[in-house]
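Each chain gets a letter, A, B and C, in the order it is written, and its residues are counted from 1.
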Amino acid sequence: MVEPQPASPRLNGEEDMTGAETNMRLKLPIICFILEIILIILFGVLVQYDYEVDAREWHNKLNPGNKSHSEHNGHPESNSHSESKVHSNYDNDFYYRYPSFQDVHVMIFIGFGFLMTFLQRYGFSSVGFNFLIAAFSLQWATLMQGFFHGMHGGKIHIGVESMINADFCTGAVLISFGAVLGKTSPVQLLVMAIFEVTLFSVNEFILLTVLGAKDAGGSMTIHTFGAYFGLMVTRILYRPNLDKSKHKNCSVYHSDLFAMIGTIYLWMFWPSFNSAVTAHGDDQHRTALNTYYSLAACTLSTYGMSALTAHDGKLDMVHIQNAALAGGVAAGTAGEMMLTPVGSMIVGFLAGIISVLGYKYLSPILEEKLKVQDTCGVHNLHGMPGVLGAIVGAVTAAVATTDIYGKGMEDVFPDVAKGNITASYQGVRQAISLAVTLGMALVGGLIVGFLLKLPIYGAPPDTICFEDNIYWEVPGDEEEDHQDKATVRMTETERLNA
Amino acid sequence: MVEPQPASPRLNGEEDMTGAETNMRLKLPIICFILEIILIILFGVLVQYDYEVDAREWHNKLNPGNKSHSEHNGHPESNSHSESKVHSNYDNDFYYRYPSFQDVHVMIFIGFGFLMTFLQRYGFSSVGFNFLIAAFSLQWATLMQGFFHGMHGGKIHIGVESMINADFCTGAVLISFGAVLGKTSPVQLLVMAIFEVTLFSVNEFILLTVLGAKDAGGSMTIHTFGAYFGLMVTRILYRPNLDKSKHKNCSVYHSDLFAMIGTIYLWMFWPSFNSAVTAHGDDQHRTALNTYYSLAACTLSTYGMSALTAHDGKLDMVHIQNAALAGGVAAGTAGEMMLTPVGSMIVGFLAGIISVLGYKYLSPILEEKLKVQDTCGVHNLHGMPGVLGAIVGAVTAAVATTDIYGKGMEDVFPDVAKGNITASYQGVRQAISLAVTLGMALVGGLIVGFLLKLPIYGAPPDTICFEDNIYWEVPGDEEEDHQDKATVRMTETERLNA
Amino acid sequence: MVEPQPASPRLNGEEDMTGAETNMRLKLPIICFILEIILIILFGVLVQYDYEVDAREWHNKLNPGNKSHSEHNGHPESNSHSESKVHSNYDNDFYYRYPSFQDVHVMIFIGFGFLMTFLQRYGFSSVGFNFLIAAFSLQWATLMQGFFHGMHGGKIHIGVESMINADFCTGAVLISFGAVLGKTSPVQLLVMAIFEVTLFSVNEFILLTVLGAKDAGGSMTIHTFGAYFGLMVTRILYRPNLDKSKHKNCSVYHSDLFAMIGTIYLWMFWPSFNSAVTAHGDDQHRTALNTYYSLAACTLSTYGMSALTAHDGKLDMVHIQNAALAGGVAAGTAGEMMLTPVGSMIVGFLAGIISVLGYKYLSPILEEKLKVQDTCGVHNLHGMPGVLGAIVGAVTAAVATTDIYGKGMEDVFPDVAKGNITASYQGVRQAISLAVTLGMALVGGLIVGFLLKLPIYGAPPDTICFEDNIYWEVPGDEEEDHQDKATVRMTETERLNA
């Protein structure tokens, strides 16, 4: 099984695989440099520090009243807070958002990146392409979201909250990446990111600003959008002969352990994710707590369902790695509301069940009948749980009362608090937002899918999907290592005999 | 060595191993669903948001004076703070506890989970069962601790501090898991968790509330309790024929690297662990600092002892992975006291020496003479260092003076500050607490051990311990991967020759 | 390829390799114990809690005006803040530095530790020696930096900021470790650390205190110093016959994935690293934001350059693992200044290009022509980007105006704000600081290099470099594991047939 001198055949292998069509030598540098230069120019023209980041503005100790995040998420308290004539350096929002930001950051780069390393020979691409498209998307998202969240005298103001929102937008792109994992070139992924980030920002603007919906944890804006966008893209990119790479589309022992690093980090930091941009005070506190219990309940139902649906009662790593996270997705909209701990647990419990059933029974159908080749099963982890979360959010909003929220209503449902609308109408807004999101995602994915079908991006042939060494210099394995040890021992013995 | 078609024999292997007795198809789903449904019902009846989490309560801007954590750990300052008529959203305890919570959370799920992946073929179970029992335990602990920490009008109030305490309680269960690692079924572990969490809460109540002991980092409540409880359980579950699985009870190169992920995270975040629920201000600051230096000193003594006790001066990964953490355990009680930096270093230095000696000389004796099969050596990492930490805490408390603590005495030793008792009597309280903890752990472990001996939980046979594929669908290894690469190359060559 | 009974030959192998000269049985324990005992004595004599850590001092509610960090980094605001007669426990600097500290801590132990695990058979040493020398260095740095940052009545005052600074100093040692990786014994590394920490503190004192330079993220003090110190040491320790270990000086598939854990953590937390000790408020906020965009831009240029410089357009893991981080290094000095987002992106963009070019074309030249065997290519990741960062810092400082900084000038350039010097002179200070750092690093490395050349430290022979099992008990590999599975299956079958 092990080649006498593994190096050379692998090299041949690599050369074989490097047909002009998949060679990234020019394609990737060109797109990377063009995109980054465009970003630099646009940042130079359009982007400024937020007043909490700018040395002069901050030290003026006066609140310009344009804290981008108060506009975006409307925090009465943070305004009232900032309106205080004098503020201490310890009042800088950095101290109340940055720890959440770092947790979100870990979810985006370690969580998503390693979650996708489950494939036996796609670890470099999973972590590496995740890294590349995330690094691009967060810059592009800063511009797109800044534009839609409102310019300030023709300038986009950025700070820790815009960084969190940029990471959020990036999350949606990475969810879509999960659907096409192993079947796309890095150039294709960057092109997808350009359009998806743009569309995400439009959708987010419609939901949060036009419709006045609440979605702090992004059940709709991030998970539902990212999942259905990606599913439509992978449907358009359908590969009839993908079974030729079937033998690569599975895990090995250690690749599953690497994937668990991603899973556990996503699971642990999801409370920070959902609470990262909610109003300060009880709102962040409540959102984190709700998500914590939703995830815990989801984990138990996931393990139960995984064993129940296995022919011999053995747990399936695919379920543990993914379905156990559905509770975080499903708590993304209602998490900041008075969902109550028990409500959160019920939501998580259901999310886990739905997700495992999806992996077990729905995914095969989607692939055979609808020709949707969903590598990571994002429909089960982000799609259905995202829709569930949106529905739970709509219902929870519809039943909100001043008796329950008191003055806190201003933070969660400002329009209801102002008396502009009724709680049930807020629920309608939430429901409409879900429909809009699904529409935007599917239509957007359709268009972008066809764009990505163009044979100019160096996509891998059906025979070499889920394979790192088409785009990466791949080193050898433990075997050589054994030979080396043998060598070492020999050399060593010689040395001593000498 | 490499099977012609590795897949099939492995499958056979798996089927072989799936006797009715170890089949989890019904056992695991039943217990997971029953437990989660009971939890949901109890949460629905008993659990409410803390006033810092509840929208109406928090916005009432008045302190109900029932902050669960001030009761639990008695923080004069946090009360006085909350009594201020008006508070800002930035005063919410979320901002002063949540970062610590997240570090503790990482220790529980990544730290403990990956620390136990050192076994060559038990990584799925180590991370996976750790994940399952932790997700259950933190929910159950919320109820048990809430009950013993004091109900509020028949309700349990929860917030970020109760989340930290729930994670702490979970830590004790995971320590016990380390003692029985590889020899138990997930159902057995869940049953153990049910009882251990309950007993932990009783013991914690006796120590912190009845006896008025201080143990912020849990040298007694978490480490000593969890270790001796688990040691007694594994003693009762003694397997005379475990040597039939001896060849699995060891590490491979990469499994040791995965374990180091757990080790390093535990080591880095231990300062957060010990300081997570101490009083605010200097207390948290001091506890983190003391733990930081204790761990640093412990690491040097661990490396020194590991090389010294090896026949050829080679470092032993078992020591590095475990003993280097003993400094955190040993600083768990005295960390919040005026232990001084040098005091912390001495404690850590001794803890590292004791722990390595335990792994090298005591563990074999415990196994042969006392029939205690302690897979992870929790006696060396949590047991002895926990007792050391308790003693150091008792001594440090006994020598406390107002000259050293000033007004800060109120935070650390409220009863001494109030003049109710002398410092030396506080030391006696601490010593009694250690004795109580040892008693509770050993008696509790004895009873629970016999309960777990019942042949109904699907425990693995002696011949298949330390083996994932009895409870998990286990994929292949790098070998297949090689064949695949060969295949890929062939297919590819064909394609190009075509 | 796989030995019939792999255990025994490996053992022989190990015994072969354990000549008296590399045996650590006495050498390592002696140095570990002596160093730790000296540290304990010095801490006992010299070290006290900072007033924010000390129970009595903190509760006196008066500002002794000697917050070590305000002296060290001069934060007018934090003084004015502390001068307030009464302070709340929530004003303790712990809450404004500790989250940054924990991120830095992760970079030091996980980031640096795992980044170096890329070598196929040096993972134990990479993580393990990183752990050992970091644990020692942070204690020794506490003393050295405390001494140079100013004693308080003959005492060194420590708190969260001194902990961050100790971790920073440790970072420099770990950078040098990267240059000599695989070619040194743990004893050699500890000796190097003793001297490097001392020299680091002297250099830091000259730069920050004597010259009044700004270098919050350590482009000069940490990266430039650590890199050129290590490069000179490895030059002096030049091994003409190192090619005998060439076959070990490369990665395997999973070792590259482990290394990516280090890379991603360094990348994610670099904003915390650069902002950890800047002035509070806008300064920390701005530094984190600048670093975030610098790194994002750097990642795109790194991917582009990696594909462009490969003969077949395939990405090289060495570039992704290292060059993508250069943006953080290059933003280390100017990050706290009004660099603007676009400025940060340009800096990161250039850093990535320079770093990849260095790995591709400069490193081979350095090794062949200058005999600098730089295992991790620290010259490309820390050396050149560090110098770039220093230059960017000097230029950015030189063009600073009150119009841009407003009252914030006091935080960033106190001397300029006070009118003592002009901005352009501050730029000169920065440039002189770079020259001083290069001089100190090269001369220091020269001297320490010759010291480490002494044949008393048990350095590995040229034939067994980059090899764990000369200093570690190394377990077997997946193969045995296969045999075990076979065994297990047999045993199991027997059991069932019985």
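Note that a residue touches a chain if its C-beta (ideal position, glycine included) is under 8 Å from a C-beta of that chain, and two chains touch if they have at least 3 such contacts.
Not measured: the values here are computed from a predicted model.
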Cα-superposition angle relating the copies chain B and chain A, to nearest 5°: 120
Numbering shared by both copies at the chain C-chain B contact, with half separating same from different: different
Rounded Å distance, chain B centre to chain C centre (Cα mean): 30
Contacts with two or more other chains, residues of chain B listed in rising order: 2, 95, 99, 121, 253-254, 261, 477-479
Chain B partner contacts - residues on chain C that touch it in the complex: 2, 14-15, 18, 23-33, 35-36, 39-40, 43-44, 47-49, 52-60, 88-90, 92-95, 98-99, 102, 105-106, 109-110, 113-114, 117, 121, 123-124, 127-128, 131-132, 135-136, 138-139, 158-160, 163, 186, 253-254, 258, 261, 469, 471-485, 487-489, 491-493, 495-496
Chain C-touching residues of chain B, taken from the complex the two chains share: 1-3, 9-10, 12-13, 16-17, 19, 77-78, 81, 91, 95-96, 99, 103, 120-121, 244, 247-248, 250-257, 260-261, 264-265, 267-269, 272, 279-286, 288-289, 292-293, 295-297, 299-301, 303-305, 307-308, 310, 312-317, 320, 324, 338, 340-342, 345-346, 349, 403-409, 411-412, 461, 463-464, 467, 477-479
